[in-house]
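Each of the next two complexes has subunit A plus one more chain, namely subunit B in the first and subunit C in the second.
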Partner chain A sequence: MRTLSKMRTLLQNRWFTMPAFCALLIVAPLILRSEYVIHCLVLTFILAIFALGYDLVVGRTGQVSLGHQAFFGVGAYVTAVLAVRLQLSPWLCLPACLIFALILSVVIGYISLRMRGAFFAIVTLAFAMMIWLFVKGWRGVTGGEFGIVGIPPLTISIPLLPRITFDSPFSFYYLTLAFLLLSIYCLSRVLDSRLGRAVAALRENEERASTLGINALRYYIVVFALGGMVSSLAGFAYAAYMASVTPIVLSVNYMIKGLIMIIVGGSGTLGGPLLGAFIVVLIPELLRATQELQLIFFGVVLVVFVILMPQGIYPSLVRLWKRKITPRR
Partner chain B sequence: MEVTVFAQQALCGLTNGMAYAMFAIGLTLIFGVMGTLNIAHGEIYMLGALAFSSFVTYLGINYLLAALITLALLGVAGIAISRIAVLPLLNSPNPLLSVLLSTIGVSIFLTNIALSIWGASTVPLEFPLRGGIPVGAMELSWARIAISGVSVVVIVTLHLFLSRTLMGRKIRAVAQNRIGARLVGINLDREYSLAFGIGCALAALAGILSAPVWVASPYLGQSMILTGFVVVIVGGLGSIRGALVVGLLLGILQSIFGYFLSVYYRDAFTFAVLIITLLLKPGGLFQR
Partner chain C sequence: MVTLEVRKLTKDFGGLRALNAIDFDVYEGEIAGLVGPNGSGKSTLFNVIIGLIPPTEGQVTYKGELVTGLRPDQIAQRGIVAMFQGNSLFPNLTAKENVMASMHMRSKSDVLSSFFSNKGHRRKKDKLEHKAMELLDFVGLKECSHVPAKNLPHGEQRELQIAMILATEPGLLLLDEPTAGMNPEETLRIMNLIQTIRQMVSAIIVVEHNMRVIMGICQRVTVIDFGVKIAEGTPSEVSSNKEVISVYLGKQRHA
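And then the complex of A and B:
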């Protein structure tokens, strides 16, 4: 009984659970050992970063963007074009990606964030479709339908240490995990700041927040740009991991995946997109069904969640954890 | 020469525009009555074209009968979609966005059902009448004449239905004022479903009519829903007149743009029209 209550106090402590969770993720590949499982986890992390960025728009501003796949795709394409066509070092592509996504999201946000609801959804979709069309049409640079292949692997060479080349699922696991944890940390800091509170106030009641002097357009653009940059980071990781890109990264497939991850995982939370990414990647692997059957299943899942559990799994999971594992007396 | 080509493209575009208008009127009717957008509308259109083509080509059913069966099936499907995925969400905190998401789910579901039935291939369909009638130096095919003729009849009928019959007036009452409609004893859920069913039937009809001109395939829905949204928003959400006028205009403009500039960037042109209109006149051209 004593040990149990000690366990409880331990589990109640955020300073224990968070590092424990991270440590679990760090040792996971050493235990799993299967290259295929690690490959799936890398894809999970990449999609989770994408969904984190997407959810900044959907969950924090309360406006559903249907065009966020553009940032993921643009991140992947900027990486591919700079690394293959201009022969730049792949690491230099990372800041280039983020800057490009920043510019793009400010331009798109400046126009689309004046609108709300259906208008915002359709205008963001229109922008994403235009980008998709232009990238597919600009054959000389983007390779059209066939995309770009042969992106050189990322390498780190620190003096006195062996040179690290990121070319296996195993090495990429740690790289994408680092990206993911870094994004979650940065976003949790940003959302705890003045900016995060201002945006929360705007989502609750835009008129009231505006009368308090919060400029809706400006704050929404900042959040939109932040979301775009985080998602372009996922695009960068995707291009570097796959060593190739095709126009699929800009297609509505990624919007659909993103929305499912957000809604099923839980929108407006930082854990939700990660949980959603696990579900979107792992369930199809378990089902081992064809692409069509998977999507039929996810279509039904999306409808069911929107109707029965619009806040997603993550908040309920947190509530369950608090009630069962760490009840406060 | 230029003038003839121009006129021919415009005429061709006008018939495309008829299909756009019919599709968009369904979409805007649903918005007007329920205040929500139906993303699965494009999939209903696609299923209309595919089911009709398959009935005629593979099962050898007569054209008119096949069209009626398809319309009935998809009208009922529309009512079912509204009962399952739309009505339970109308009282949620943010109905527009919830319905947007749930109909995205429906649309993913329907696209992939169609893909698993028909595969990624197209279904051929031959129009019974060959040739067409000469208009000046060019020829307008019978299939295109059918699109225009049926569309005009359907749109006029819809107008009469909404303005003259009790059922139509109930639907308009709900669109104007929900609480008022409920106070005089109108069953809101029934009118919602009815409007949704009619909207879906219009989308299916647009699919049936354009099946002989544009070959039916499971990927048809996605491009149509985008065009439909552009028409509906540029025309002013909820405005049937706006959807009609903008649908026809967009058909003509797209066709001319496609011929003289680039077929590939025709969709980009459509989106540019949307974005520019929203910047200049945020409520659309025929704001309700």
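And then the complex of A and C:
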């Protein structure tokens, strides 16, 4: 059929498929009636940004960090503390988050990235736990166990235009989608450079890359810092959307969610984390049963995927798509 | 002019002394051979020079600069680059990507241009890719540029390694048994390739078991056994050295 093959040719062109997909995402909230579904998509985008940053460490260095939730939580708490305790304008909390995450990730990375494997995992976990306990204990500033509430909404005031207030799932959908697309774009540019090639080489064969003049520690720290900053962006969005934060954003709860998104979605890709985020948000919805059951289910899914499909769903999906759009001879 | 000076180099692994106060020189423009039976310390000397193993005692000086104890990437940046026997490729990257990664030291950071200048970045990347293809063409791998390194046949993997080390524009080249596992025809081709490369670098050190290769391309040969230098000189001097003969014949008898 001529129309089918015309469609195939169109879909083969990257300049069509990507923008078309983005256009679909942009139009979606206008088609979807349910505010609840849009709310779920907002959470999906926030988690996807977190996973994008997390996978920058796990997928691009090959080292599994068990502490990346710290950057997500720190992003959320920096926003909350500055906006509520110091009355800082919510938008200014964004650069503050990124700078804080940059400093924190360089410090943690400088220490932990001298180690590999299990040692690296434990050191990153230790740092994250320390931060979690610290925040839980510093009741005066962080509100301890109860966290912080009352984060004022983000607003945009352009003269002569009505003020836009971000206080609904609908408005946050576009904000978080913009953050997600911006993050993906920035990371794709960074990875398509000499830095990206160095990191890929290190991941393939660290010893060989070293003997070819690539300083492993320096490049691992850069990647670690980028990952920390991207995840802190997710934390900022989370705090702004929920208008509140609690210590759970620094807990292993988010670490596990992150690892599931990465492993199930597809590590080492830019589309995998988004796919993983859809799944991580979808499962609790399908399993409207108890909380305990969800945690067990997550654990089982994680183990099954690590054993049977460690590269995640995304690569297989891409292969399937490519096969479907190639014209049959 | 001395390119590499190794003085009193000693390496202990716990109780085992792998290198014992070795003195070793490589002169500008020459191909220096390093031979010795298995377990003689050749690989250890190799790994100490390129910085993968720190020496227990002793010094390594390259073009007048002390390089003992530097990290491998620092040593590579100064121009000392090695080709290993196994495990020296990036398996899942394509041949072209392998070469481009090897060009890291000889290219400048382009993250900023990646963000801000689409055309400029494209141009920089094209230049890099063009040079990579030139190197692949030089070793005869132009058709395989898109093949993942792990899927290349063994001989072509060896050629890819050569393209990679040439990409680093090395000063001192260290080759670890470059003709291992090759038939006489391939061996001859590698020998000619090494002679050609000799013009492009300051000096070459070749570690080899194949005496014909050593006799064919080296100006000077050093023989070590049990971590100690037992002979040094031209290939003909060394191959007629009584101690060298007994070391090799002795090992054969016990083997």
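The rule is simple: the second predicted complex is superposed on the first by the 326 of 329 C-alpha atoms of A that agree within 3 Å, B and C clash if a C-alpha of one lies under 4 Å from a C-alpha of the other, contacts with A are read in each partner's own complex, and residues count from 1 in each chain.
The criterion applied here is as follows: a residue touches a chain if its C-beta (ideal position, glycine included) is under 8 Å from a C-beta of that chain, and two chains touch if they have at least 3 such contacts.
Just so it is clear, the structure is predicted and the values come from calculations on it, not from any experiment.
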Touched partner set for A:E35, first subunit B, second subunit C, both or neither: neither
Touched partner set for A:L195, first subunit B, second subunit C, both or neither: second
First (subunit B), second (subunit C), both or neither touched by A:P310: first
Subunit B versus subunit C as contact partner of A:I214, first or second or both or neither: second
First (subunit B), second (subunit C), both or neither touched by A:V300: first
Touched partner set for A:I263, first subunit B, second subunit C, both or neither: first
Partner chain in contact with A:M129 - subunit B first, subunit C second, else both or neither: first
Subunit B versus subunit C, judged by how many residues of subunit A each one touches: B
Partner chain(s) touched by A:E204 [first = subunit B, second = subunit C, both, neither]: second
Subunit C-contacting residues of subunit A that also contact subunit B: none
Subunit B - residues contacting subunit A, complex: 31, 37, 84-85, 88-89, 92, 94, 96-98, 100-102, 104-113, 115-116, 222, 226, 229-230, 233, 237, 264-265, 267-268, 271-272, 274-275, 278-279, 282
Sites on subunit C touched by subunit A in the complex: 50-52, 71-77, 81-82, 84, 87-93, 97, 100-102, 104-105, 107-111, 113-115, 121, 125, 164, 168
Subunit B partner contacts - residues on subunit A that touch it in the complex: 62-64, 111, 114-115, 117-119, 121-123, 125-127, 129-130, 133-134, 137, 252, 256, 259, 263, 290-293, 295-296, 298-303, 306-307, 310
Subunit A residues within the subunit C interface of the complex: 186, 189-190, 192-195, 197-198, 200-201, 204-205, 207-216
